[in-house]
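Letters A, B, C and D mark the chains in the order given here, with residues in each chain numbered from 1 onward.
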């Protein structure tokens, strides 16, 4: 069972077309990845940087939008790692409302030492936590 | 010469890593596309919906991040259509600061009747304005 | 007991000073008011506008910041109406993390007919729901 | 003549009521203050923190909303200091579109040493730059 994170979509997330603004959707998916880290290694990006000395800057993201997101239902974001590289992790994120797939996409982040923005190998504690969670991206 | 739109990146766009937050970058690119429409057909998404009766919801976006975005320089976003479909347009957006490519990506939107969220053919006035601007996506 | 709404503060809400950006705090308080409406009358601003035909535009807000907001703890926002006018409601919002008061302020909204932006009397169903909840603003 | 900063209001800033979302307005005013600093002392908050070793956290803000903000016109934000304290500055910000006052309010920030979040006296270079610009808040 992949990790899920629920987001409250509100009035302020919506544009005049009465659906969540496109620019909010990547931010929702990113929040879900932040919550994934917190759940999986006990540290979201903030604690990663402050307490553990590494960060996770992104090098890629893509999203396909399947159905509008609205405030009518919570947005359930499912996050799973689908590929572990030496220095990177590729996530798949799927957002659903009331069982309907609203968007799906991929987010690739690398690891970096705090304050340096230089890529480092994936920390061993991270790899150990992610390996059992890797899913096929079929 | 492709259309460009300059964005002021500020303190509030940055995260504790001292660079613009990943979640802001798609929103910057989208703002540039909104400005592209305003420049090209005389109506951004707001005027499109209010005055012309059609809108441009997105079905896809992807971004590759090449270098950090910071408040040190304006962010110059270059926007060009790279493919016109019957009902859709594919844009390439490249963001640069001080001559350095920071990100590049693609955004695909369709056309819809206001209030309906149903895809319609690209309006003739839009096609006429876009055709001379199409660039190769090499 | 006043209504409370919990907000997850994340990396993307923080600025390079490693605390939530000032510009995010009014938005957090507004989200809490949106959630208050949902809880109290069964309709947040979205459902209010779509289903009930009225909206709640703001005419005033003020906030005093007492302590930084960070991702270390959930942000618990307490919302209470403190004055009911003929056409308006004044809310007090207090944000706390781990028991510490981070900010407090006031938000005054009026009622308007959808699509008109013209002030109307507070709907009777709203007044009935709010009256038992009014707190002193001492 | 007070400093002004122009903001492009777009589709993504608007909510389903077809006006800029209340939560965006404090952020617009803050962006204008950031631009004021850049213009006045040669450093916005980012450069202040990175290059000069001090920051300007807020302790208060208030806003009164007079007219809706929309994408129809640029939002011209006028920023002026109206009181200089030993450790703080109080700004007045007025936002206008097409000559109409849309909002006005006040923002009070203190000065702090980077990384400490402890209040310090207003730096001498800042006081020298602000003193000639102070306006009455009548």
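Things to note:
The rule is simple: contacts are C-beta pairs under 8 Å (C-beta built on N, C-alpha and C of every residue); 3 or more make two chains touch, one makes a residue touch a chain.
Everything numeric in this text was worked out from a predicted model, so none of it was measured.
Taking A-B and B-C together, the chain pair joined by more C-beta contacts is A-B. Chain centres here are means of the Cα atoms, and by that rule the chain farthest away from subunit A is D.
One inter-chain figure worth recording: subunit B and subunit D are separated by 28 Å, centre to centre, where each centre is the mean of the chain's CA atoms.
Centres computed as Cα averages put subunit A at a distance of 23 Å from subunit B.
Our note on geometry: subunit B versus subunit C, Cα centroid distance of 33 Å, whole angstroms.
Looking at subunit D, residues 11-12, 14, 16-18, 22-23, 27, 30-31, 46, 49-50 sit in touch with two or more other chains.
On subunit A, the positions that touch subunit B within their shared complex are 16-17, 19, 22-23, 26-27, 30-31, 46, 49-50, 55, 57-65, 68, 114, 117.
Contact residues on subunit A toward subunit C in their complex (touch as defined above): 8, 10-12, 14, 18, 27, 30-31, 34-35, 44-47, 49-50, 70-72.
In the complex of the two chains, the subunit A residues touching subunit D come out as 11-12, 14-18, 21-23.
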